[in-house]
Every structure is written in structure tokens, then in C-alpha cells.
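Once you scroll down, you'll see the structures, which are given as C-alpha cells.
One chain, chain A, links the two complexes that follow: it is found with chain B in the first and with chain C in the second.
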Partner chain A sequence: MNPVVGVAAFAAVTLATAVIGFYGLRISRTTGDFYVASRTVRPWWNASAIGGEYLSAASFLGVAGLILLSGTDALWYPVGYTAGYLMLLLFVAAPLRRSGAYTIPDFTEARLESRAVRRVTSLVVVMVGWLYIVPQLHGAALAIRITTGLPAWVGQVAVIAVVCVTVMAGGMRSITFVQAFQYWLKLTALAVPLLFLLLVLAGTGTPAVAEAPVNPTGLPPAGPYQNISLLVALLFGTLGLPHVLVRFYTNPDGQSARRTTLIVLGLLSVFYLFPTAYGLIGRVFAPGAAGAGQADALVLLLPGRMIGGLAGDLLSALVVAGAFAAFLSTTSGLVVSLAGVISQDILGGSVRGFRLAALFSAVVPLGIAATTDSTALAGSVGLVFAFTASTICPVLLLGIWWRGLTDAGAIAGMLTGALACGGSMLAGAVLGAAGTPSWLAQPAAWTVPAAFAVMVLVSRATRDRVPRSITRLMTRLHTPERPLVTER
Partner chain B sequence: MTRVRVTAPRRVATGAGSGRGRAAAEARKAAEETDAGQVFVRALIRSQLRLGIVVAAGFLLIMLGFALLLGLVPGLAELRIAGLPFDWVLLGAGIYPVIGLSAWLYVRTAARNEARYRDLAGER
Partner chain C sequence: MPDSPLVSAAAVAVIALAIAVVIAVGLKVLRSFRDLGTDAERATYKTLHAASRAGQHLRTGLNPAGAGKASRQLRGLLGCDGFAITDTTGVLAWDGAAEELRPVLMEVAAAVLAGGHTAVIPAGELRAPGGRSPAGSPGAGYAAVIAPIRVGSGVAGVVAAFAPEAGSGLVRATGEVADWVATQVELAELDASRTLLMEAEVRALRAQISPHFIYNSLNAIASFINTDPVRARELVVEFADFTRYSFRRHGDFTTLAEELRCIDRYLLLERARFGERVQVSLRIAPEVLSTVIPFLSLQPLVENAVRHGLEAKEGPGHISITANDSGAFAEVTIEDDGVGMDPEQLRSVLAGHSGGDHVGLHNVDARLRQVYGEDNGLVIETAPGEGTLITLRVPKSQPRHDA
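This part shows the complex of A and B:
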């Protein structure tokens, strides 16, 4: 691929991000602006922003790559990524917004009246955020290497630098506009080249679409246990993602939080048709791409391979731009929510503290990404979902729907989930893809029930620790607000 | 775009204001503090939870149905819809309308539950 294409595409996305970020800078002045855009973001903007933030390297590159590798089994990934939002809508969206908390630790502290719970939640949130940023940086490294031939670290450093500048300059306000723009950029970047691919295929006389008979990885196909465990992780992991949750506070009330989620579901459903199509086309017409250990680059390579010439270069540039939009948007969303958590807990919640915390939350995963190797992007993000599903998801679900949850139960459950799931992830990393038994490779099916069980049992045993304000809290979480929105 | 100026992060949203805002705050206080208010609140929570579980279970059953259909009916993978394999169409595109429909049904019914609560609790 022409190296100029990759560099130009990255520069263009960065420039657009910076321009929108600067435009946002002029209207974000107060601490409230920095945290949640003062809750005046409209549902369509907010939904686009949520979509922009959520569709990460795993969705943009990883899904197609995994479909190329493992065929129909990989189709469960986009289904799970989308259905996770359904669970979020059903059980979390409106009550969480009505809780009035800004971050997940704010919520757990208010719900359980305990500083200790807050600290444990903050710790878990920061771990989730870091684990989730690392695959984005691996994606950036892959994209830079494939498209420009530059060393991989250039991509990682560039992404972190752009994110730091944007977040530290503009805060959440500009982030909302940047994210909304990036959703539509990502969609365009997949849709337009796909249109040309289909035209080319139609022009050359499409051979009958057939499943590629080879299994390029040599790994056995996933059994029912792995598919179920993956779905548990994706369905319940989404509702614990810190960068997704922080977005719900920007809705004016619970009802609009639900409406926003409904729009997000539509946006995601449309988006995931495209990586699926790339995966299918790749499986039939370019099965060789998987052999070289770069299946995740399928989306980036396909337009250049099948179209070629100037048109191929232009379409490649568009796809590369979309990929960088994916790395930038997810990373900046995570950095904003991590910085919110870290600055409130350690640095006292000032704007200066927020900026320092942003820098800190971006640089640590850069160090991790630089020293680790990339595996399949969709797979490593799937493991992060398993981790949130085993830690934050139980405390949110039980906290919202069960009066009996206590601080001791919440802490015990979160620690159980974190140790069980984190331990499985470590064991999987040590044993390698071929040597890991499936119950360690996809731990969610047992770690999520374990975390729930411990949380419930310990809460029952410490029944006298149920907060006194529980009646008031549950009323606030579940009763509709008056139309306060009209009051300015 | 109108916006509210906040000078420091608030842990808890306040419902202060004039007119309707104050009436709402009073209604909420009544819901929190009186036994009758709590009966309605508990009923609302129960109905919202039941709704969520029913929709989730329905969706999961449909998904399970899709998976069983593909796993147990052998000839389906060879079936073609507009040149595309049937299993790809079903999992790659067919599930999304089901998700959207479930979500839409839920949002509508949840809003209805809340409207009923408002009527019962006497909030206007």
C-alpha cells in the first residue's frame, strides 16, 4: 500500500478531531462542562457519540478479522456487542441516570453509603479502562505498520498524543461532538468502500458465494460452551463499561436515557452489517490474508487488493481514516471517564486535576501496549467484557434492583469476580492460545455467576449493614422525574 | 443549545426550582415518606423489573432458537438467500431487527408503567 495514504488519512482524522475539539473548547469553561457536558446533549447527538465511542478497534477491524478466521462462530461477536446495549437499556439506563451520579464509583458510594466500596469500584473501573485501551493501541500499531511501514510504536504514541491533547484541552463537551462525528466517519469509511467492492464483484461476475473450506488458524472451532460464555461476557459486560456509562449522565432525564439507548441500538445494528460483509467477502475472495497473522488488517487491505490503482488508494485512505477514528474515539472516551474517576478520588475534582489525571490514564496503557503483543483484537476486547461482566455488572444490577445489597457484599463480589476473571486472563496469557482450556479462555460463564452468588450471600450474611436511606434511594432510582428539563 | 451552568460536580442531582419543580419535589417527598407512597413505588419497581426480565428472556429464547435452528437442521447452511448463505443472513443480519423490536417494545411499555405510577401517586 502507498505509505502516503496511511499518513494522510491519519493526519486528516487528527485535524478534524482537533478542529472540532477546539470548537468545543470555547464553550467549555466550568468543571461541570468538563465532566458531563452539563447534561444538555440531545438524544441524537448523544446516541451518535455513544456509538462513536463504543465502536472500537475490535468492532472496526477485529470483527471482520475474526470472521475471516473462524466464520459463522465469529458472527456472535457483533450480535453480542449490540445485544449488550439491549441489556443496558432493560436494566440500567434510566435508573442509573436518575441516580444523578457522575461516575460508577459515585453511584456505588451513594447507593451503599461507603467510602470503601467507592475505592474498590474506582480501582476496578481504572483496571477495566486500561485493559480496554491496550487493544486500541495494538490496533493502532497494526494499522500504522500495515499502511505506512513505519515502526508499530509510532501509531501507539500518535494515538495517545492526540487523545491527551483533545481531552486536556476540551473535556467532555468537545468530546461529545468529536465522538458523534467519528461514528458517522466510521460508518462512511466502511460503507463507501464496500459499495465499490460490491460493484467490482458484480462487474467481474460473482462466483457463487461459498464458505472457505480451510480453517487458517488450525484451532478447533468454538464449541457451545465457548459461544455461550462469550455471549454472557458481551451481554453483561457492556453495562459495566465505564466510558459507556458516563455518557448516560449527559441525558437530561431517565426517559431520554432510554430513547438515546434505542437510537444507539439502531446505529449499532446498521454499523455491524458492514464489518460482517467485509468478513464474508474476505473469507471468499481473500482467504490468504489470514495466514500471515494479520487477519485484523483485512478491512484495511481489502479495498486496495480488490480495486487497486488510484481508486483503491483513495478507498484505502478512507478505511484507514475510519480505523484511526475508532482508536481515537474509544481511547479518548475511556481516558475521559478514567480521568473523571481518578481526579475526583485523588485530585479533588478540579479542572487542573482532571487534566493531570487524563495524562496519567493515557500513559499507563501506552506502556502496557508497547511491551505486549497483539492477539486477535475482537478476542482481547471480549475478555475485557468478561472482566466488567464479573465485577461492575453485578454491583450495578443488584444495586439498582435489590434492596438487600450491602457494602460488604458488593466488595466481596467485586473482588471475587476480579480475581477469578483476572486470574483466568493471566493464565490464558501464560498458557497461550493453543494450550488454554476453554473454561479459562472464555471464563465469563462461571465468573459472572460466581460474582453474583458471592455478592448475594455476603449481603445476606451482613443484613444489618443495608443502608438506612435505602427507601429514599430506591424511590429516586425508579420513579420518573418531573419534566424539570423545561426549567432552565 | 441551552445549558445549565454547574460550578462543581454534584454527587446528587437536585430537583430544586420554582413552580412545577417545587411541586415535584413535594410529590417525591410524599412517595419517599408515606407508606402509601412506598406501596406505589414498590409496585413500579416490580413491574419495571418484570418487564425487563420478560423482554430479556424473550430475546434470549429467540437467539437460542436461531442457534438451535442452525445447529440441528443440517441442510440450512447450504440454503441461499440472494446468493448469501442462510446462516450468515440469519446471524449477520436477521438478529438485529429482533433486538430493535425488543428494545422498542420495552421503551414503550416502561414509559407506560411510569405514566400509570404518576396517575396512582397523584403526581400531575
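This part shows the complex of A and C:
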């Protein structure tokens, strides 16, 4: 592939992001437009922004790669990534918005009236954030290596540098618009090349799908346990993602939080059609890509390989731009929310503290990413979901829906989940891919129930620690708020 | 997938976490065993430590949760077998032995609650219901010392200590513990009344719209009635909307969006007076519009900008209002290019020493400090002739405040 393509695409995305970020709000309005200015973010905008933030390297590159490797089993990933929002819609979105809490630690502290719970939650949130940034950086490394031939660390450093500069310089001021733009960019970047691919394929005559090699890698098919465990992780993990939940605060009330979630479901469903299509095309027409250990780069390689020439280069540029939009948006969303948590809990919430925290929360995962290497992006992110599902999700669900939750129960449950899930990940790393039993490779199916059970049991045992203001808080979470007059 | 780098990253993180926990616990343990002092020092320390621990729990007043935790400490302090705290109606907490006496304690305590004098009940006289013979009934082996918790002029409850024998040492100590509990309860009441006072202060500080403004607006509207009746009518409607918002009774908090709407009405009315001399520009990040802020906390600042920025100066004046997303905070700035203020004078205004024209600033500043803590007051940058820039930072997360 022409190395200029990758660099140009990266530069273009960075520039567009920065311009929207810095100047999105620079239009000085006169008083006549007061109502325009005081109009809250519409659910459509906010949903696009959530989509932009949520669709990470795993979705953009990883899903297609996994479908190429393991066929229909990998379809559970897009299903789970999307269906998690159904859980969010049903159980969390509106009550969380009504709570008035800005971050997850804010929520747990307000709900359980305990600083200790806050600290534990913050710790877990920061760990989740870091673990989630690492695969984004691996994706960046892969994309840079494939498209430009530069060493892998260049991509990682570039992404972190761009994120740090924009976040610290206040470039995330109009973050909603930046992220919304990123969603539509990602969608376009997959949809347009796919259209051309299909046209080309239609012209060349299609071999029957049945003739395609069934399993280009010889990986054993996943059993029902793995699939169930994966679905548990993805469904419940979405509930606790710090960067997604922060975005709900932008909604003016609980009702619009629900509407936003519904739109997100639609946007994600549309988006995931495309990586799935790439994966299938790759499996049928370019099974060789799986062998070279470049399965995750399938989306990047396919346009160049199938179309070629100038058109191929241009389409590749578009896909690369979309991929970098994915790395940048997810990473910056995570860095902003992590910096919020770190600066509030450690540095006292000053502006300077926020910048320092942003730097800190971006550089640590860079260090981790530089010393490790990725094999399957969607799988790595799936494990982060498992971790979130075993720690933050139980606190949120029980905190919102069960009066009996106590601070001791919450801490015990979160620690259980973190140790069980973290331990499984550790054991998996020590044993290696071949030697890991499936219950360790996909731990969510038992760690999530374990965390819930511990939380409930310890809460029952420490019944006298239920906060006294519980009724007031529960009323607030579950009754519709006064209608907010947003327009005359 | 299982041997992915993420996993090794997680491994590193978990190991680091484990090491950190072990070190922290180790340090804590080491510190507590280091330098224990003489026996007397240790006894003093233990007593004071137990008292201060119990005191923390009692600082929320006499309630089951606090009393439960405190009684554990207090029983250790007295060295008795069982310890109970009651209020005037029932047993709040029981720690240690003799809990079978729980049903009869309130009967026995009635005299103490009424008379306010410590009662000593020798072993054998206290009996829980259900026993066959007097000596064999449960709880018969315990003597009890019941001392009143005297708060103010009344008795708020009793503490009861149970031991096989009620010596004079236990009686005296129980009396002291009861008095100490009473002090804590009084402190808790003090806390509660301080909170009430703070709420009352916030309510009293609840900004009043300035009488000047009402007077000036009505005059300005009057001048339009003959020349431009349509505009006059519109202005009266705006005025009505403005007053409805600012006179509303419910809630001490509102959202940034509603407050901006109020400012818009206010500026519309001011423009009826000043015409094109007032120029306003806005830059509002939509993310912060739903942030909860104290009711009428921006309008007085804008009014200040109009009054002291523009009124005193010739030619058009420019006011710019921005609201930004700044991490966990929403940051609102109001800037004018008017005549500015003398910083020294401003300082005395904010300290509440001189009332006069800037009373709105003092009011907003005091409320912000009251609600969000001393660090979150107004930040005002100004100098004579240089205009004024007012910045206020409000935490986005306010689960306790309803808009």
C-alpha cells in the first residue's frame, strides 16, 4: 500500500478533529439566538456522540478480523456490543441521569454515602479505562505498520500525543460534536468502500459461499459455554463503561436519556452490518489474510487488495481515516473521563489538576501498550467488558434497583469481581492460549454471578449499614422529574 | 485471545495492586506496633481512642446505626458484659451479653427516664420473661446500672451496663459515660441546627431581584406604550415571565439552561432602556446546559455587568457570557468591557463590609461558598477602567441538589 495514504489519512482526521474541537463553539451568537444557545444537546446528536465514542478499534477492525478467523461464532461480538445498550436502556440510562451524578464514583458515593466505596470504584474505573485504551493503541500500531510501514510505536505515540494535546488544550470543549462527527466518519469510512467492493464483486462473478474455505486458521469452534460467557460479558459490561456513562449527563433528563439510548441502538445496529460484511467478504475472497497474523487489518487491506489502483488507494485512505477516528475518539473519550475521576479524587478538581491527570491517564496505557503486543483486538476488548461486568455493573444495577445494597457489600462484591476476573486474565496469560481452559479464557459467566452474589450476601449481613436517606434517593432515581422547560 | 497483551497488562496491574495493598497494610500494622509507651500511656490512649471512635458514631444523634457502633466501643471502655443504649421509646442498640433482658429494659428504665437519676439494680432482680424459677430465668445473673442521658433540661435516653456485680466503680463510670454520650448527642443537635442555619442562610441569601431594575423596566415600558404599543405589550409579557421565574417558591437550585433563559429576558428588558448600547455575545457548550446551579446565581452577575460596566460609561458596551465543559466542573464566565472596579473596594464588598451597589456579587459569592465549599466562590478579575471578568466553577455532579 502506498505509505503516503496512511499518513495523509491520519493527518486529515487529526486536523478535522482539532478544528471541530476548537472552533465548534467559536460562533459568537448575539442575544437574538439565546434560545438556540440554551438548547440542550438533542438526543440525535448525543446518540451519535455516544456511538462515536463507543465504536473503538475492536469494532472497526477487530470484528471483521474475528469473523475472518472464526466465522459465525464471532458474530456474537457485534450482537453483544449492540445488545448491551438494550440493558443500558432498560435498567440504567434514565435512573442514572436522574441521580444527577456525573461519574460512576459520584454515583456510588451518593448512593451508598461512603468515601471508601468511592475510592474503590474510582480505582476500578481507572483500571477499566487503562485496559480499554491499550487495545486502541494496539490497533493504532497495527494500522500504522500495515499502511505506512513505519515502526509500530509511531502509531501509538501519535495517537496519545494527539489526544493529550487536544484534551489538555481544551480542544474537547465541543466534545459532543467531535464525537458525533467521528461516528459518521467511521460509518462512511466503512460503507463507501464496501459499496465499491460489492460493485467490483458483482462485476467479477461471485463464487458460491459454500465453496469458500470453512476455517482458514483451524481454530477450534467455540462451545456454548464460551458463547454464553462472552454474551454475559458484553451485555453487562456495556453498563459500566465510564466514557459511555459520562455522556448521559449531557441529556437534560431521564426521558431524553432513554431516547438517546434507543437511537444509539439503531446507530450501532447499522454500523455493525459493515464490519460483518467485510469479515464475510474476507473469508470468501481473501482467506490468505488470516494466515499472516494480520486478521485485524483485514478491513484496511481489503479495498487495496480487491480494487487496487488509484481508486483502491483512495478507498484505503478513507478506511484508514475511519480507523484512526476510532482510535482517537475512544481514547480521547476515555482519557477525558479518567482525567475527571483522577483529578477529582486525587488532585482536588482544579483545572491544572485535570490537565495533569489527563497526561497521566494517557501515558500509563501507552507504557503498557508499548511493552505488549496484540493478537485479537475484539477479544482483548471482550475481556475488558468481562472485567467491567464483574465489577462496576453489579454496583450500578443493585445500586439502582435494590434498596438493600450497603457500602460493605458493594466493596466486597467489586473486589471479588476484580480479583476473580483479573485472576482469570492473569492465569490465561500464564497458561497461554492453548493451555487455558475455557472457563478461564471467558470468565464472565461465573465471575459476574459471583460478584452479584457476594454483593447481595454481604449487604444482607450488614443490613444496618443501609443509608438512611435511601428512600429519598430511590424516589429521585425512579420518579420522572419535573418537565424541564427547554423551549418556549 | 487469552494470551493477548491485555492479559499481561492486567497481570502487571493486578500484581502492582497486590504489592501496593500489602505494603500499605504492612506500614499500617508496623506503625501501630511501634513505640507503645508505658502501661498508663497505653491505657489513656485506649480510653481516648475508644471514646473518639464512639464519638464519631454518635455524631449523627441517637439512632440505631450510630448507637450500635458506639456501644461496641463503650462496652470495651466500661469493661462490662453487656451494654445498651436507649432513647425515650425503645432500645437502640445492645452489645455483648444479657441481651435476653432486652424486653424488660424499657420498663426498668422508665423510672430513670422520668426521674433523671441513675438506678442500680442488683443481680437477680432483673428477669426476662419465660423462665421457670426466679433464679433460673434468663438474665437473672446480671446486675444493671442504668444512667440517664441528660440533654438540655430533659432526658434523651439511658445507657445501661450489665455485669455480674454492680460495684461503685461501674456505677460511677456508667454515669460518666452517660454524661459523655449526652455531650455527643448535644453536639449532634448542634450539627443539625448548624445545617438548618446554613439552609436558612441560603434561603435568606436567595437573591432578590433588585428594586432598581423593576423601577427602570416599568419606566422603560411606559415610554413605549404610546409610541410602540406592540413592543410595550411584548415587554410586559417578558417582564411577567421574568418575575414569575425570579419569584418562584420551590427549590434553591435550577439548571444553567433555565438561568440563561432568565438572563435573556432580563437583557431584553435592559435593551428596552439602553437600546443598542448593550451588546451581548454568548458561547455556551451544550454539554453543561443541564448542570445544576444555585437559583438566580448568574442573573445578578449579568446585572452587575450591565450596571457597573455599561451604565457608568459612554458608548456601547459589550458583555460576553461563556459556559464551558471543564472536566468534572462547568465553568461560566461573564465579561464586560466597562469601567471596572477597584480591587480593594471589591474585596471589602465580597467580605460583606460595604453593602451598597455590589450587594448582588456578595450575595452570589456567599451562596456559592455556602453550597460548594470555600474554594468555589466567585473569581473576579478587574481593575479601574479595565472591565471585569467574573468566573464561576460549579461541580457537575450534585446528586443532593434537585433542579
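In the analysis below, the second predicted complex is superposed on the first by the 459 of 488 C-alpha atoms of A that agree within 3 Å, B and C clash if a C-alpha of one lies under 4 Å from a C-alpha of the other, contacts with A are read in each partner's own complex, and residues count from 1 in each chain.
Methods note: a contact is a pair of C-beta atoms (placed from the backbone, for glycine too) under 8 Å apart; a residue touches a chain by one contact, two chains touch by 3 or more.
Just so it is clear, the structure is predicted and the values come from calculations on it, not from any experiment.
In the superposed model, A:82 lies in contact with chain B only, and not with chain C.
Contact with chain C, but none with chain B, is seen for A:130 once the two complexes are overlaid on the shared chain. In the overlay built on the shared chain, the residue A:284 is in contact with neither chain B nor chain C.
In the superposed model, A:269 makes contact with chain B only, not with chain C.
When both complexes are overlaid on chain A, the residue A:106 reaches chain B and chain C alike. Within the superposed three-chain model, A:250 lies in touch with chain C and out of touch with chain B [touch as defined at top]. Note on chain A: of its two partners chain C and chain B, the one contacting more of its residues is C.
Contact with neither chain B nor chain C is seen for A:154 once the two complexes are overlaid on the shared chain. Of the two partner chains placed by superposition, only chain C is touched by A:339; chain B is not. By the touch criterion defined above, A:370 lies against neither chain B nor chain C after alignment on the C-alpha atoms of chain A. Shared contact residues of chain A, touching chain B in one structure and chain C in the other: 30-31, 33, 35, 38-40, 100-102, 106, 110, 344, 349, 476, 481, 484, 486. Those residues of chain B whose C-beta lies close enough to touch chain A in the complex are 1-13, 15, 17-21, 23-24, 27-28, 31-32, 37-38, 41, 44-45, 48-49, 51-52, 55-56, 59, 63, 67, 70-71, 77, 80, 83-85, 87-88, 91-93, 95-97, 99-100, 102-104, 106-107, 110-111, 114, 117-118, 121, 123. The touching residues of chain A, when paired with chain B in their complex, are 30-33, 35, 38-40, 42, 72, 75-76, 78-79, 82-83, 85-87, 89-91, 94, 100-102, 106, 109-110, 206, 208-209, 211, 224, 227, 231, 255, 258-259, 261-262, 265-266, 269, 272-273, 276-277, 280, 344, 349, 401, 471-472, 474-476, 478-484, 486-488. Residues 1-15, 63-65, 68, 255, 257-258, 260-261, 263-264, 267-268, 271, 279-287, 289-290, 292, 320, 324-329, 375, 395-403 of chain C touch chain A in their complex.
Those residues of chain A that touch chain C in the shared complex are 25-31, 33-35, 37-41, 45, 99-103, 106-107, 110, 127, 130-131, 134-135, 138, 170, 172-176, 249-253, 336, 339-340, 343-344, 348-349, 351, 354, 368-369, 372-376, 379-380, 382-384, 387, 419, 422-423, 425-426, 428-433, 436, 440-441, 464-465, 468, 473, 476, 481, 484-486.
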